[in-house]
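Below: a set of structures, written as structure tokens.
Next, two complexes with subunit A in common: one pairs it with subunit B, the other with subunit C.
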Partner chain A sequence: MSSTITSGSSDSGPGVRPALRYLLLCLFVLAAFAASLALGSVRLPLHDVAALFTGGRMQHGSSRAILLLFRLPKALTAMTAGAALGLAGLVMQTLFRNPLAGPFILGINSGASLGVALVVLASGGSAGGVLVAGLALSGNLGVAAAASAGSAAVLLLVLAVSRRVQSVMTLLILGLLFSYGVDALTTILINFSAAERIQTYISWTFGSFGGVSWPQYWVLLAAILAGTALTVISIKPLNALLLGEHYAVSMGVSLRPARLILILASALLAGTVTAFCGPIGFLGIAMPHLARALFRTSDHRTLVPSTALLGMLVALVADLIAQVPGSDTILPLNAVTSLIGAPVVGWVILRRREFRGAFGS
Partner chain B sequence: MVGARAKPALLPALFLLAQLQLFASGNAEQAPAFAQDRAPVGGGAPSAPTARVSVQYAKGFTVRYFPNYTVVTVTRPWPGARTWYRYVLVERGAPVPVAAAAAADTGTNEPAHKGVSIRTELIRVPIRSVVTMSTTFLTPIQELGELATLRGHDQTRWIYSPQVRKLVSEGKVRNVGNGSTLNTELILALKPDAMFVNEYSGEGDNYATVRRAKVPVVVLGDWDEETPLGTAEWIKFISLFYNREREANSIFNRIATEYQDLKARAAETQSRPTVFSNAPYQGQWTVPGGRSYAAQLFSDAGARYIWANNDSTGNLFLDFESVFNRARSADIWLNPGTWSSLEEGLRFDPRFADFKAFRDDEVFNDNARENQFGGIDYYESGPSHPERVLADLIKIFHPEILKNHEFYYYQRLK
Partner chain C sequence: MSPETIQSPLLTARGLTVGYHLSGGRTRVVLSNIEIELNRGEVVCLVGANGAGKSTLLRTLAAMQHPLSGRVEVAGADIALLSPKERARVVSVVLTDRFDPGYITVFTLVSLGRNPYTNWAGSLAQEDRLQVDRSLAQVGIEELASRSLPQLSDGERQKAMIARALAQETPLIILDEPTAFLDVTARADIMQVLLDLSRQTGKTVILSTHDLEFALRSADRMMLIMPNGTLKTGAPEDLVLQGSFSEAFRSPNVEFDQNRAQFVLKRGMRGKLRVRGEGRALTWTVHALERIGYTISSDDSAAAPSDSASAPIDSAPPLVSVESAGDGYRWELAVRRSGGPVEHSVYDSIHALADAIRGFG
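After this line comes the complex of A and B, so read on.
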């Protein structure tokens, strides 16, 4: 319990300067953003992609519609969701001082899943779809609203409990218990549902950035900005929490309000993303570790922006891979984030062993 | 989930090898070995049904008649199946063919040609009680006049047919499952003469427990037919279990004639409107393949399906963007999920407004006949009545041909 916060400048040694790292990271994000606009199942001339920004004429009839209605909202959703999940994971890891914590540790994910299961599985529909395979689909907005309601309900429960509970460990365990309880309800719902409905529910659990249209994107963005703002104003308490709750109190951080704000921030960030994109795993747990390893610090002044940038980058790249550019099929996003992302992050973390110090244990 | 059901018990049947040798050289068309059996002496055999069925369109089953019994084999219970299901239908009171009895008793897997194994089951006909696992079986049973034999159904809440719903509310038809879990005890208590089911793959045996309790499980491949008339022809398969071949022939002949007439009229038209179907979910759009059942209906109704050049008989899982690119200027949009109005569609995704068919109010859904419980008739009786589906589609694509036809399954979304 006696480690200190290692700041970026003092520990970075002969490596690349932090400013340069930020610059590189931003360039990568920009490149991935450009790539996700340029690549997709429909081949568009690069000239048309450039014309979107220069205002020139497009050669292809559908180019403008495809870029404006599909690729731009999807790329922006990927960036927004990636940053949000990374930040939510960072907040939870610090709050619980647990490297295995992620954005969904308090059951927000389970609440969202239950909400979606209620909408998708329990509503009316057909059995035995032998004819034209009309998957019984539920509206995107309905699903998003249900997921938000579900995660909000679980969040309220957690917040109510957290006002009474002293130890974060108790809170962590209670969060896990909530998850199990809520997941059990979802399982019961699935058990009583028609096969096509279950298929729809399962495809929601695959995760996707492609289902978000402009009106939904603005809702998503507003919620994520609010959650990010809550995280940014908590940078000081976050750094203090890293050294233990007693130390934080001695630093003048009042624990309960700080804890409430952090839980709220993480719920806003992760809950909204889950509502619109499905339960996207891996990014939330891994991005903070990647940021600590690459920036060699546990200072949240560095970790907050770098985790957000890394989240954007990895989400964009994962979505690009899930698109299988050149084909018109798509892979489950969740499978791609984990399959491609896990080895990369594992490699980075193994190379930077000193990250262990980040949790003060 | 489906996987939660019992795994199959592998039945070693080495002691049967002597008899199995007889099957080993057989092929689909050849008579099963016990066809050569002489019936045991004694026992007054009732007269065999006078009408016989012959299969014209269906690719998934074969029928062979023998004195006192009929052998029907399901050769395509699911895509790429390596298991065939053979049912030896013996008249009540008639002597049982010896080898068939032995094979059925042990539920053996006979090694047949090219690695296909055959599961044989002996069933006394006409059956007097039945449990059904798919709503698509209800229409043929009802039209053959055999609803009185229905004892149980899986997920009775989705049933559309008012007659069957009445039987359910009277307690004459019991709910035997909820789609993922089977109420095995209830089924055993009902002790039906046969249970009609669909299997979607050879992974696991969902009905192992029921089979062990000697309830004959009949696996139908109606859903895996590639043509609409092929699917409808499974009424003949079902009729064999009731000695209702005559009724089945007359019902199916009427359907086939009407279908072919309608198809011929649609073929005479000059214009070929372009059509696409279904709706996206989470950025993914599932569309029927170019060789699918749905694609055939579109083409028979005189439309140009925008994936007609595709070779798949199943579904294609496409990116929203790529469907948009191909379908945005298409004339007609069919089956856009659950919405019942255009405005409801826009609430799901405002991008739908960029489709020509949407702007022109040329969006049609198959849920015109939906009861308050969410049961949609199109999925229940539609497979048995492709001529109604075709008439609806022709009215959509070529309203000038069928001026007097009222939509049956379809409705134009407003």
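After this line comes the complex of A and C, so read on.
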């Protein structure tokens, strides 16, 4: 398999060989991981971070607690969520053959938002437990459950429709219509809600990797691994779908099962992340483009691992920046991913002259 | 291959009706009562007016669309009953679908044709690679293997798509207008490739085309879609002699010239002319006079006695004679105006001659 990747990218011209690119990418991810453990409102020595894994003695007494309780789950959540959103975006872009498609194109985040809005804004009683101010809200189990229920409801609707709809373009438009409809319901809820509850809801929409506890992280990880597995077994149909559905069928792809698995994979990946971290935009749309530009291929045997790695890296870096290391300020994660990520990705994409037309231009 | 398999037809269609299911259980029949029997190694051209149902028929033969009734058998198996994977080993297609797969190399594109044979990840075994290389060689694009798709010309791209179909190792290849959008040389190139590979590999090739001249010169068999929604099949020459072409392409502005096997514009005829001369000069002079709307009376143009030529009688059409002069040609026009003497005039180009003739029209 590694040899096929080499031949698939043999036209990548001058520059770094694919194997080396993977290695560099892994090193960057590792560095970002270490940095996100060491940096934060309090700076921990790298020695203590290393000691966490080697089992050595820590210089600071509080290091172990900070790392185990806060920073490690947060860093792992960022990596898991980043990879998941990237993969979900990749799957949707190929399925819909649309460069603007992302993990939420079928309305999955709208469903999650409505679920959360219902819990936070509408339900008077249970909201008491939910009204933990600020970012601690994300990761709250009630909120996660509400978001899961919301995205699952939209997913079921989409799946039911996709069984009856011939063309993916119709499905895409229906997904958009779902989003608008569901968003409208959320807007109405907001309209009738008290200001402080709206504040709580809004802070959920900022997104955060910080609210996931260890038990929750294992749930998140299990769902993401399942979604990733579904994506990996779909690499072959994904590649065939590069030529469009007719060609894919003519080359032996069973279209309906393949489409179902892809929608399920993307919903699992994006829905779970949204449930635990809030609706995190940008990563899902941009990471596949970044992977195509850096690895100069549309071959999913390369795109799946590279998109996942890039998702991890960018999520870690964005989270680091959102913490504003050394201060107590926390910026909204969504604002950081877009503000910092968009120019970077734009630059990389524009720098590749040949990128023009690299995806359904 | 045993002798029986060579003799038995590769594709048979019995009582085939193709068309579409409309809402409310109604159907729209495009073509009906189709009987087809095609042998191995035949190049079959499907010809018909725009909108006559060429693509619908081809899609039905490739089982990408269900027939309204009747069945299609390829190599003895009803293709409607095959799984997509089994079908992909029997028939491969080149469609008119426009798609943009982005950065994949020609090698990767062609290797997608191995899909029905590869494992879940689509990794290529040694045999698959050999078949991809063979397919590239058969269409003569080995040197393009490591180029990426956006770098190809339209003709090269089409060849790559044909190589991909070859890599599927199917006894039947169906191509929907493979030369549309190509310039003349690329068109001839593609057609030559198709003829060669059918002769060399014994594959049956069905293609739809608007290029009648090519079809008449190269096809072993033609399938002609008639205006009444039936299909006429036969050697091209048989169809010409039966007058099927004139019938198939009946139009107020065009008629099929049965002698030259080409369509000519039915212009408002401006009159008759006699022409004398020989060789290429005669051919192109006739061409020009017909183009500007004159009928050439062939009865006396060749065998007219010289005296009547130099002094045409009143009822005889004007005479154009062409002869070589120096390193070019010279045209002489002899006209008798009503009752007057014969007027002779000489021209040094067809352009000047045509201007003069238009003048007295």
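In this section, the second predicted complex is superposed on the first by the 330 of 361 C-alpha atoms of A that agree within 3 Å, B and C clash if a C-alpha of one lies under 4 Å from a C-alpha of the other, contacts with A are read in each partner's own complex, and residues count from 1 in each chain.
We take it that a contact is a pair of C-beta atoms (placed from the backbone, for glycine too) under 8 Å apart; a residue touches a chain by one contact, two chains touch by 3 or more.
Quick caveat: nothing in here was measured; it's all calculated off a predicted structure.
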| item | value |
| --- | --- |
| Which of subunit B and subunit C A:297 touches, first, second, both or neither | second |
| First (subunit B), second (subunit C), both or neither touched by A:246 | second |
| First (subunit B), second (subunit C), both or neither touched by A:88 | neither |
| Touched partner set for A:147, first subunit B, second subunit C, both or neither | neither |
| Subunit B versus subunit C as contact partner of A:65, first or second or both or neither | first |
| Partner chain in contact with A:203 - subunit B first, subunit C second, else both or neither | first |
| Complex interface listing, subunit A residues touching subunit C | 1, 4, 7-11, 97, 233, 235-236, 239-240, 242-244, 246-247, 249-255, 292, 296-299, 301, 354, 356-361 |
| Residue numbers on subunit A that touch subunit B, as the complex places them | 40-42, 62, 65-66, 69-71, 74, 123-142, 190-195, 198, 200, 203-204, 206, 208-211, 213-215, 278, 323, 328-330 |
| Complex interface listing, subunit B residues touching subunit A | 1-2, 134-136, 155, 158, 178-181, 198, 222-223, 231, 277-284, 286, 288, 293-294, 297, 315-322, 324-325, 328, 334-335, 337-339, 344, 347-351, 354, 366, 370, 373-376, 378-380, 382-383, 389 |
| Of all residues in subunit C, those that touch subunit A in their complex | 62, 64, 83-85, 87-89, 91-93, 95, 97, 99-105, 107-109, 111-113, 115-116, 118, 120-124, 146-148, 150, 168 |
